[in-house]
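Alright, structures below, take your time with them.
Each of the next two complexes has chain A plus one more chain, namely chain B in the first and chain C in the second.
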Partner chain A sequence: MNNMRAKAVLQNYLFILPAVLIFSIFYIYPFYKVFTLSLCQWDGIAQFDFAKTFIGFRNFIELFQDKIWWGAMMQAGYITLIALTFQNALALMLALACDRDIKGGNIYRVIFYLPPVLSEVVVGLVWKWIYDGNYGLLNYWLTSAGLSSLVTDWLSNPKTALTCVAIIHCWKGFGWGFIIFLAGLQTIPRQLYEAAKVDGASGWQMFKNVTMPLMVPVFILVSILTVLGTMQVFVLILSMTNGGPGYHTEVPVTRILESMVGSSRFGYACSQGVMFGAALLAISFVQIKLSKYMKQA
Partner chain B sequence: MSSSFIVFLSVFLVSCGQEAREKPLVKSIKVWHWMSDREDAFLELAKRYETEKGIKVDLELYAPSDAYTQKVRAAAQTNTLPDIFGVLGVKRDFASFVKSNYVYDLTEEMNRDNGAWKNKLFAKALAVNEFEQDNSFGVKPGIYGAPIDVTNIQMLYNKDLLEAVGVNKPPKTWKDLIEVTRKLRAKGMQGLVSGWGETWMIDCFASNYAFNIMGKDKILDTIRGKVSYADPDWVKVFDLFREMRDEGALASGIVTMVNKTAEQIFANNRAAFAFNGSWCVNVYKGMNPNLNYGAMLPPEVSDKYPMAIWGGAGSSFMVNKQSKDIQASVDFLKWLTDAPQQVFLSKETQGLPSNKYSLKDMPMALSQFANAMDNATHPNVWGVSESPIVIEAFDKGIQSIIIGEKTPEQLAREVQAVKEREMAKNQ
Partner chain C sequence: MKEGAKYKMERFLKDSVIHILLIMVSITCLFPLLWMVGSSLKTQQTIFSDMSLFPRNPMWGNFYSAWTKGGFNMYFINSLFYTITVVSGIVIISSLAAFAFSRLKFPGKNIFFYMFLAAMMIPLPGSFVPLYVLMTKLHLVNTRIGYILCMINVGLPLSIYLLKTFFDKMPVELEDAARMDGCSRLGIWWNVALPLARPAIAVVVIFNSLNVWNEYKLATLIFSTKSLMPLQRGLMIFQGTHITEYPLLMAGMTITALPIIVVYLLMQRHIVKGITASAIVG
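After this line comes the complex of A and B, so read on.
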């Protein structure tokens, strides 16, 4: 009996071994290496020698005092806030519209899902052209509509640059939320709505009392994905503003790249990576805790 | 009889085998480069080299340059660098490659036969690849790279647009430049365009004027920490950007503009001046073959010190010190920098050759770039280098002046504060 049990346990471990190995090689080991490098002053060129380059937590101490880094975190937070609210609200509204039996529903689904599958570099360059201060379409439309007082250099103006990038990020990303929301909406049994209708519930009441409670897990999933995806926004920024003007559109990943490639401070870049990863982990943890609380409530 | 024949045959076959191993009939060398605009020309040269010398040159292109930089660094860590490669970046990074034994010292090869190889190359192009005695990087003095072309960065002017505002000659002084841009503005035309979203170009422009206002020694003393960035001369440099902003002399959106966009604007007659490198001759030719333009030194602010422009080796190749075919790699670089190949490269890419004896049949603008080589300097030949963190604060700060967020005085104080912090860190 004991032998059989031991064999079963061994079999179980054997089955999970490939997954554990892959996870260890591609996640655990790289994270360990990044953390090790974050404790060193290394330029990424010379042969790495831990003993010679070890500086303890000096990179982290410097990072805590790095105003540009924290500014970049705040800016990524601002884009995330816009994505969490406007992007997801738009995605939900469109999902609700497509959940009904409307004519050409499938065509709308394809159209709404187009932006996410486009290349970020292409999207960035096209929108950069639209926003161009001299020859951009946006300024042309504004002038044509008699709103020339609003004409500006959208991406070079510190007051508008970050919001412009955030809008494009939302435009590019709402399709993901739309698809997930739509899938969630389609799992809600139709009988619940029919029963609510029989009871005389209005559209808003049905949304509030039927759709919303059943969609809580989906809202949580979408919000976690939005936060994780948006905080790591990078390619759009690189192709549209390169972090400028000044530091106004810098985000954590552009700062990490600058430290690694621009300044050859590999160790510092790794400490930024560790700090950023820890921040995202903390945010996800809070979101999961919050979701459990909401489910119970 | 038969046993001695077998012994003879064995010795003969073994000797043949050794001979074959030592001198393979066809060797090949591997070259990694990042110059997508020169790929076709390089492929043609590789073909010619194989025909002439019987050695195959495997060219591998990794572009853009950021990706190439990463590729080379990663290969260095895993000891998989090719026979010939380029080091992109500042001199400090180059020094790190040399100190880590990734780069072969070419000094002996350069000096062989009374310096035959060295003497045919432009000294300023070589200087970028050279480490002098007692250099601050701690590298053994020597020449560690072979330049394959020469570039410098100047100002370009659109002759048609200047004529449209009644200006027949390009401005010689800063005052003239501002005056011309006023006229252009009055006619709804843009003044100076450049890729100042790529901050190194701002650094280059500011550095030119720093040379003109305070001279090389004071700049180097600033880098050494003996002169403050809050010094009035530095404030004067920063103030030029404030003045250009206030006078509307800069093209719209310049602070986030990449150089490719700036090149399109200038090539399409949408700005009268550009700040760009000699590679632009090829770019403008592709964008607008009828563009009527010339190259000039940036107009002087002061007559106290000469105007300097960034220039020297545009692209250089290094030989991998761990390569199994060092001599074959060196021979290929010698061949590549020979006059016939340099003339071919120059014609195909509209660039300046690194070989002194290859300056033939150049377009007007390119010869204007060539003539300005006497004014060329480069941070890589100064012997000291500024901290990248200070450079970033300096360049991004100038962007802040252009967008009206900071005053020159404020920026000067901020850059000095960063400099002091960096110096304290290194002590």
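After this line comes the complex of A and C, so read on.
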């Protein structure tokens, strides 16, 4: 009897075995390796383990002085800041508009979520073509509107390139925030609004005193996911500017890839990954703490 | 009576303003896509001068040229192959695991489940570096199976979570009845749990299909042979080598985007469910 039960438990493990096996090989092992490799100097070509030299924290010391790396962090931060404010404000505004019983609300929802389902490669290449300095639609329109003083090579101009990429990131992302905000708004019981109306509350008062407090968890969720998603932006950059002009649109992930593929410094690439991951965790942690503080206030 | 008319008027004005805003944003969403399709129908000569949205003499031949000359038929078939294999792999493996996490008893169950949950919340963007090294050691670099396994891994945690929460809500009675009839646990998973979980599986399938079809980063790391590459990767290669052939590039992009748009329009309900569910976990 005991034997049979043991056999049954073992058989139960077989159900999760394929998942655990794949996960251990392709997620847990690289996760662990990133930390150990970040302390080594290694070109990634030599297959033997003795080709790796343990150098302690020298990669990190170098990384702290790496101006291009910090520039990349700042640029990703800039895109994130625009996404947090502009993109999420737009998403919330549209969600509020669609939450009223408005005609055709469903059609708008379908349209707004179209950019997020497209691949970043397609989005990046379409906009690159629209922004193009010589033949792009944007410059053509500006010229036709008599604003030829504004005409520039948008993605090659160091002053405009990063903002242009950030705007496209928001274009692709706002529909996602919109869907989540709308789902959150629809969980708010209608009776609350009706009660507030009976008490003579204005639209703004209802938003401030009914909608806002109930939406706090959704705001936190969206802001954390926006930061995590935007800081790791990569394919959009690759397809639009490839980090240029100069290093003006480099972001952390393009730098990690450059260290790895471009200059074959696998250890250094791993140390960048570790520092970047730690920074992301720290930001999320601060956001959660802040939101708890705000909830109490 | 007068009050009511005033209220109606106000409401109408408010709604009109909102509609104008919504329509403007909608145009911003749709215009680049229409521009892409329109440009794909222009000729190499007119694309730089003809600024109309749709050309008067559409060059449908561009699609044929992109399909054959640009190698998009090869990339397309590859993408289709990866999407089908990865998604079927994810559905089988994650539903087995989710079924065990929800219904079966074994020591360490929660630890394993939280391991998958944690993977969704802890970002480690640099882990693709050792992943690449590992793939090289296992001789999986530049192979279809290597890419498929990596992509299955990417989709597992969320799919397991979605299916487990669905199984948890499912009534146990049917399974008990099946057990009485002498059905094995594997039999219950296949005959009872999977058919009942169809709505959740639909979400998993569609969500992962979009993910695999649009994936770019791992495809760059793993593939160096053109004949193995999926569409997104092929598109970037094509734009690098045929930088000036805009109509063909736009046709290739339309070919890449069209299946996703069609699937999205058909399945948008399930997709929205998947988005909200995935956000709630994270």
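In this section, the second predicted complex is superposed on the first by the 264 of 297 C-alpha atoms of A that agree within 3 Å, B and C clash if a C-alpha of one lies under 4 Å from a C-alpha of the other, contacts with A are read in each partner's own complex, and residues count from 1 in each chain.
Going forward, a contact is a pair of C-beta atoms (placed from the backbone, for glycine too) under 8 Å apart; a residue touches a chain by one contact, two chains touch by 3 or more.
Everything numeric here is computed off the predicted structure, so don't read it as measured data.
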| item | value |
| --- | --- |
| Side-by-side fit of chain B and chain C on chain A, or clash | clash |
| Chain B versus chain C as contact partner of A:A89, first or second or both or neither | neither |
| Touched partner set for A:W176, first chain B, second chain C, both or neither | second |
| Touched partner set for A:M74, first chain B, second chain C, both or neither | neither |
| Touched partner set for A:D153, first chain B, second chain C, both or neither | first |
| Dominant contact partner of chain A by residue count, chain C or chain B | C |
| First (chain B), second (chain C), both or neither touched by A:I61 | neither |
| Chain B versus chain C as contact partner of A:M294, first or second or both or neither | neither |
| Which superposed partner A:A6 touches (first chain B, second chain C, both, neither) | neither |
| Chain B versus chain C as contact partner of A:A282, first or second or both or neither | neither |
| Candidates 75-83, 201-209 or 345-353 of chain B: the single one with C-alpha clashes against chain C | 75-83 |
| Chain A residues contacted in one complex by chain B, in the other by chain C | 44, 47, 134-135 |
| Residues on chain A engaged by chain C in the complex (per definition of touch) | 9, 11-13, 15-16, 18-20, 22-23, 25-31, 33-34, 37-38, 44, 47, 90, 93-94, 97-98, 100, 102-104, 108-115, 117-123, 125-127, 129-130, 134-135, 137, 140, 171, 175-176, 179-180, 183, 221-222, 224-225, 228, 232, 234-235, 238-239, 252-253, 256, 260, 266, 269-270, 272-274, 276-277, 280-281 |
| Footprint of chain B on chain A - complex, ascending | 43-48, 132-135, 153, 155-158, 161, 240-242, 244-247, 258, 261-265 |
| Chain A-facing residues of chain C, complex | 15, 18-19, 21-22, 25-26, 28-30, 32-33, 35-36, 39, 47-48, 51, 92-94, 96-97, 99-101, 104-107, 112, 115-116, 119, 122-134, 136-137, 149-150, 152-153, 156-157, 160, 185, 189, 210, 213-214, 216-217, 232, 235-236, 239, 246, 249-250, 253, 256-257, 260-261, 264-265, 268, 271-272, 275-276, 279-280, 282 |
| Chain B residues within the chain A interface of the complex | 66, 69-70, 73, 76-77, 89-90, 92-93, 96-97, 99-100, 190, 197-199, 251-258, 265, 270, 388-389, 392, 396-397, 399-400, 402-403, 405 |
